[in-house]
């Protein structure tokens, strides 16, 4: 099973399950501690300059936007990022906070390309290593398993592999070629959930994306949540707990925290605001103006929600959400 | 990443994801086909002499007993078995149908050892390869991933490894020693679920054990279910579908199908019957008598339920179940 | 009946899928094509979205591959790993792809034009495309047909086609029997020669000549003696698209 | 207050666990010990069962590690992979083990006596024991103390202790810093010397002499100058066990 090929991409974070074990033992707690705090406190405490950061989910869906805005307000610099979220990652890049990106996809699907990514990549300002969507999810899964890599059959033969930090080996059981994906244990993960208790026991509705894996592949984990529920409710439906409390460091109550993205069953994405943002993102100056108004210009999520249209807008996007 | 050690245990089923891909493409269907049939038809169609078979869950919990009894009635021979179920595996061994066993644990926890296993192993009649619980679950997970192995940090340094078919390699990312567990794609998997629709979209309550993995690591999959529900109900809660229909070959309606084991939230285990069985299992002759009465002596699950005490017994074990 | 180029692409793409199979669906044309197939010749086509939506009826048009409509009334709302692992096990028949460039072996570029580290143009990146192109049995690309896009050599192989020819996928370790199946463009329907793995013209779109296809392709295509002409969208196809599938005209 | 040997084992085992940590719990004595710890010095001890039950209050005594009581009013009802992977990531502090044989390095046998393929006695096999002994930080074994069980060399290392001495676990690839922590028996409480990894007597049970422990051990134990005596079960411990934890006397 010797290594046949290695992608030329930089491995931003060398897999090291042994170090992770020691770190998690020292820093994670099984204590039932109330972890509720606001965005400001959570980001101050748990996000640091230079951190390797990851978010969930994808596109404009269930994105931890209120946390991303607070990171920008606090100007956390030099971030390395796992680029499988989309909108919340893009605004961090737009604010000039990201130096290195493990990228899968950054764009708006049918709404088009990301101007922010184009500028950052074409200027050479952003160092990018390539992966596929599944590869990044599997890298988190490897970390969640507590092992240094996972073998897969994707990425092989492509430039996506050549510009990644994966390896090709020969399988000792079958002789076939396998792509080995290095595990990614994030310094900090951000996930927006439907509900959780004060300890961080969290439930999600609908597809779970890669929340399960990312929660288990984060040294520090910040949850933002539409709603805080009682622990009795958690204990009644323990089979609904996707993220258990001992993985969680902070619980931030953030209703409409995914705005302008959508939140399954609760509210639909705010097309009007999203298009306004995308239009602004065409040029550096208008991007800056957008950030000045909607990010730097507000103190917290409540002020932001007021600014984007308050109750009227929130009721409107709520009314567009489909039930089950 | 060269192979440093290989366990001396026989690899009953060589991992071969490429062959599995071809087989699954030819034999699995995405058609929405009504798959409801009784135990007799399901076992006739999908279990064959010599098959490598696996079951879920563990102990006397959510065990597909009605399917196991039908396998005995049909005398499927020479089975190779992944031994992480317990009671349903034990009765197959008791009936002399198992020739090879990938074993993790066979016993009754606080109720004591398995007499059946002792006789089969001590006589040399049963060939046993050793694994840990997690190892067997991870072997199924590797098959569910569609890859030939998973690297783990368990099994290392032990005789459990030495008598397994795992390998030790040096990690190409970290240099550490890793145990590689070969994937197990079963010929046939048996799972007892709380409810599913006629196509096999299945929901489970409580812990999911390794149902997720085993369902995805089975070429053929037979579900027995406490209840058949409408597809509308499935479509209303798609996030509750743990086993989607395209994995499933047969749906067998088997109320109290786990008896004498328990079924979360529905009925408690039948201590009286279980002790009667364990007492019988002490000697070959009494074991044979038990099988004659409770397995060969009944035509189907309905007759079995009548024999073990009918409505009165069923109401009793139902009354002992705890709600949420 | 009049139709626009998008409607034509959707109809031709939709006809490529067999019933009772599965297809990995992206937003946009593939999703409309799948919805149309389900309403015509393939009612039991199972649509799969990469972040976990499986078996939706497509009553509502998804705007994003992770969006709520990908699992509205679906049979399962699972996770990206579950779905990608199903593809890795060989369970997903079709995958839809797009890109900025395609070459004669069906390799696709959706990453960069120019040098990777200082690109002339930066595109979104692989997303699920590399996985779909690696793991699904048959991939169908949907492309605008011109010489900037149909090139001799792609600047970057985001998603593997037949790489540099017959046997190359298998040699690279990709699952045997997988690879590009069809390319659907505004000019033509293309396939790949079984032996040489070169792109081959199968049919031209209504009103398009073989010459036009050749002129707009930056490499030599295999042109068989007999080239079919794709049927235009039927009135029933157009009715379904306009009245049932996309009445809000989000895409068409 | 009178007590039986099981009650004593439970009390001594329970005292080994710190608050605000996690413990992998099997059925029987470990589970009662955890329940007792939660009601005395470790109310926030998180109990974890290997098939997915996490954070149960232990209001009802489980009969099986996969049974419904392992997740009754629990904080999560997950899966074996999730729980074992948490252990592999280093999140589980304590693990409880048992076995037919133990040696001076804490290696455990719960597989066979005699030859593996034609054993004199066949035991159940590893179950989760090998995983727990490999992946948890500190393992606590609970054993009957006699020379048949405390042997020079186990017939089969089902679950790795310190293997053949200092550094051997790490050399085999097992996670650093893990290994046997305590052995709780009907005669004594034992630990392991930091340097030599040999089993060491820490305390004798009430009324037991050091000589008795030595006589019943099939290898040489490290006997420190000062051997403590374990406190007998307190009346409060006994009350909790008998009235609150196991009022139906399923185990005690």
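Labels A, B, C and D are assigned to the chains in the order they are written; within every chain, residues are numbered from 1.
Everything below uses one rule, namely that a residue touches a chain if its C-beta (ideal position, glycine included) is under 8 Å from a C-beta of that chain, and two chains touch if they have at least 3 such contacts.
Computed from a predicted model, the values in this text were never measured in an experiment.
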- [ ] Using the contact definition stated above, find the chains touching both chain A and chain D.
- [x] B
TODO: Could you name all chains that are in contact with chain A and with chain C at the same time?
DONE: B
Task: Which of B-C and B-D has more C-beta contact pairs - done: B-D
Open item on the list: Taking the mean of the C-alpha atoms as each chain's centre, how many Å separate chain A from chain B?
Closed with: 37
- [ ] Can you check how far apart chain C and chain D are, centre to centre, with Cα atoms defining each centre and the answer in Å?
- [x] 57
TODO: Round to the nearest whole Å and give the separation of the Cα centres of chain B and chain D.
DONE: 28
TODO: For chain B and chain C, let me know how many angstrom lie between their CA-based centres, rounded off.
DONE: 40
Task: Numbers and ranges of chain C residues touching at least 2 other chains - done: 53, 71, 77-78, 88, 175
- [ ] Name the residues of chain A that each touch 2 or more other chains.
- [x] 17-18, 145-147, 152-153, 176, 178, 206-208, 236, 238-239
- [ ] Just say which it is for the chain contacts: an open line, a closed ring, a star, complete, or other.
- [x] other
- [ ] Sort out which chains touch which and give me every pair.
- [x] A-B, A-C, A-D, B-C, B-D
- [ ] Under the touch definition given earlier, write down the residues of chain D that touch chain A in their complex.
- [x] 20-22, 44-46, 53-55, 57, 71, 73-78, 82, 85-91, 93, 137, 175-177
Open item on the list: Residue numbers of chain A touching chain D in their complex, please.
Closed with: 17-18, 20-22, 24-25, 28-32, 144-147, 199, 201, 216, 231, 234-236, 238-239, 241, 244-246
- [ ] Report the residues of chain B in contact with chain A in the complex, numbered from low to high.
- [x] 1-3, 14-18, 145-153, 167, 169, 171-174, 176, 178, 180, 182-183, 204-208, 236-239, 324
- [ ] Quick one: which bits of chain A touch chain C in the complex? Just the residue numbers, please.
- [x] 57-62, 83, 103-107, 109-110, 113-114, 117-118, 121-122, 124, 127-128, 130-135, 137-138, 141, 152-160, 163, 168, 176-179, 206-213, 262, 264-265, 268-269, 321-322
Task: Touch list for chain C against partner chain A, complex - done: 26-28, 50-53, 60, 63-72, 77-81, 84, 88, 111-112, 116-131, 134-135, 156-160, 163, 168-169, 172-175, 251
